[in-house]
């Protein structure tokens, strides 16, 4: 993984398009120079609710795509699932409205120095950052296979141009309304073998990332995942977004997912910790 | 004064027009049957801020005009000064949006049983409820003279149709940008004498109402005023909006201005109390 | 069949949503918007021995997701209240909880005697968040001894089986300690929480906005404080019924308080924003409880304390 | 010329806006958005004797106009902190206030000794809202004796002229009493207020949302509590400087705290919503003070207490 993107700025980003796509809203923002610094896996933090809102915290959203045309003309696109107060507010903004945006934030996916065979796995809106990643990987000569999973067809986010950028696309839904019925973890082992995968990139619910980590460990391949912990600030100052991660020295530390993540090495994350501090964690009691 | 209007209902009122007029917004709402029950001096209480707002209380607005066309087709018009969070939010609503409205609330101006000579005095947006009152008075054969005052011309609310409904209109502004330079209280004594006024109706800042009360007392004429105390509920359940008022029995009581007002007998209000409980008040200590 | 009813001490209520003291007038004002009998009960505004003007205005200031009030217990006094307000409420078919407030321990005793005989009263809520004039104006609820003295006075005078609910202030170091004290003094239930002491300074006048300087903070802003207080007290005294309140404005909020340990929930400030708040919250809560598979309100009370 | 500077104890700050402990990381993270030296000072995250993992996640829950946190004082421990974080801050030209937190009175003593010699430190903020492991985990700040003991230990070990600011918890019956106690124990100033204890119950899991169950409530929701606490303490101890905090998100909010009696203001939760909050608040406050005709920050401190 690449280290934290420290070119983040705070801007008022104007919405240039807002389209409903399945269960999601695909929203484009005019962001000036911010787009120039985006790397795949980075995220932005948006203010929600407008003036006088009772929501005091930002919401993090993975960057789906960023386009920089030079001359301060950049665009960042997000894929938003209207869920609670914050995301629903963003999803219902009209073209022309401005939203306060901080970005680009966090670590990005590491790109192999040699052409490799990559499997990209996305759950729900977790597919968003994978298309930009896919483009970069392809441009470096990698083979890219993709698996997208969700509970139901409406929650599979796979735009046409995205599909075109991958060598193969496998879809799974829990209700069988699109692709194979089941979960992404049901189809990944076979895909790894068939395509002689070297590295897995993933983004989605924590349970999915945990399952993929287990598969990657069994198969002995590298797994980079973008985690999603509840974040109050997104910029590393509050310490709410931590999770236990084993370092190269073998010591487990509580790391901030907004600064040491969201992209992390799957195997180093201590998934089993759930609502506990794993025994032996640095500074634990 | 007439007693509290107990036909109040809670509705979602759709905005049918929103025009900027001087310093104010003139906003019309489609209100169904609510309009049928409005009497001059009544007010409505609007929710402000929309879902997720940090403002938990309603804001009261005097009814400028209500029109009932039968068949559940009614309209209520308000004149709103964008001041703080709540009023600015209402003023910036677009046609077609809905706002939760409770009304009609409060007491209304008492109409003389015999044709009388009335002076209507409004300060700032306080002119709003006077035009509806003027129409009723005229329809009962009263003569209506009107004085409107404000700090500056932009804050005089006097629409054309309103002006037409009165026999004479005097304007005062503190900066002299319209009408006579000065305050309403500077011109009222002469107008009372000239027009042999029997009754004064007023609405505006508390300081103005106090000054008019003094004039009315000196001249020995009746003065009904619509007071404006800070209201949390508008429906009589919170006791925040009280002010000390002397009853017919000579006893001063803390009365709710949302239920025993906003229209009150000027002379009975203990204006001098300011941030105190006047000595001798019922239950005082 | 889902059983929505609940109990506070020995009193049963058809459903667990009540009004909060001081936030529903005399009941009459709200009855214009919905039949009072559709609520679990009406808690009346705290009534004192004598007529009381309350504090000077301004009495309120809006704050982020809340408000301050300093009404100062304005009211007609117990005699006029029993003469004018109670008879009307008795005709409404609604369970009545009378809230009383005193300035001395003796006040509480006298109030209890006056209320004892009134028919149709489901419980007595004893507001002890009042300044004790015999003790430098310190609030009864803030010290174990004075809290105990007030409740003992009520218990002695009201008779053995009449449900007493002691309403506590959150402005204390150890609310579970105060709760334990008043329960041992004879309270059957606890009302949690009264408002949190706050102040707003008006930046134009550069003085406290309220004439009384400080006021009580209520509304959604204090909901996390209410949930915490209810959770702590339920943990300490799992068998004592709690009437919860503080920032409840929808069914999910009411559920939070119930899961923390409240057997019933009072709706206060939310009524100012929406006169129909209490009935709406009642319907929402019922739907949520059924949807989650509870068979009764009782099953949900304190459910957040269950072992893993 | 308007004098924006202020003092806390014997320390002078160019302007009265500081960060709040635990809300500005190590300073480095914020310096990406503005030069730290533009603030009156940086208050560092409370540091303990040993490295500390903090609490398990979830550690936060958003609440109406606020949030709960239960970080549990995660940090590298005093030695690594002095080795890694302080040297960088010293290069930034910003006044540094080090916040320390202990689990025992002895911890506070040792921390004070370790910090004593550090150059460029303007003051020590002593966070006593920590569980006292020697006394059933009761929070130091909640009892006069333990609050006094912690501050005395710091004063004894830090030397006579180093400004000590005791940070108090609002979760007490009598905050002015605690303030009086810690001042007599050697505190030069008071930081008011730490977070208010709260809880959110997740209505899907039907358990407390935070892994640590309770958490500290911060943000605009608690501002009225902060203003009240500052007002009460300034009234009781008009000559003791107060570093105010609690829900400040714009210049008007900061002014409220200053009028109530704060000589300087820390910005916490607002930074999470806007990394530039503190500098923006600083500019707004300066403009407001000038506009109102004050000649200095000092003139405005406690101005809401003036006689009519």
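In this document, chain identifiers A, B, C and D correspond to the written order of the chains, with residue numbering beginning at 1 in each.
Operating definition for what follows: a contact is a pair of C-beta atoms (placed from the backbone, for glycine too) under 8 Å apart; a residue touches a chain by one contact, two chains touch by 3 or more.
Being a predicted model, the structure only gives us computed values, none of them experimental.
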Study note, to complete from the structure: Top of the farthest list for chain A, CA-centroid basis, is B
Point to revise | More contacts between chains, A-D or B-D | key: A-D
Practice item. Indicate the whole-number Å distance between the mean C-alpha point of chain B and the mean C-alpha point of chain D. Key: 47
Review point. What whole-number Å value describes the gap between the mean CA coordinates of chain B and chain C?
Key: 35
Point to revise | Separation of mean Cα positions, chain D and chain C [Å, integer] | key: 34
Exercise for review: Spell out, as numbers or ranges, the residues of chain A touching 2 or more other chains.
Suggested key: 54-55
Review point. Among the residues of chain C, which are close enough to touch at least two other chains?
Key: 64-66, 219-220
Point to revise | Arrangement of touching chains [line / ring / star / complete / other] | key: complete
Practice item. Give every residue of chain C touching chain A within the complex, in rising order. Key: 64-65, 220
Check your understanding: Hey, which residues of chain B end up touching chain D in the complex?
Key -> 54
Point to revise | Residue ranges of chain C touching chain B (in the complex, touch as defined) | key: 22-25, 29-30, 32-33, 45, 50-60, 62, 64-67, 69, 71, 74-77, 211, 219-220, 249, 269-276
Point to revise | Of chain D, residues touching chain C in the complex | key: 61, 63-66, 68, 142-143, 171-174, 196-201, 203, 206-208, 213-215, 217, 219-225, 227-228, 231, 247, 252, 255-256, 259-260, 288, 292, 303-304, 306
Point to revise | Residues on chain B engaged by chain C in the complex (per definition of touch) | key: 6, 8-10, 47, 54-58, 100, 102, 229-230, 232-233, 235-243, 253-254, 259, 273, 275-277, 281-285
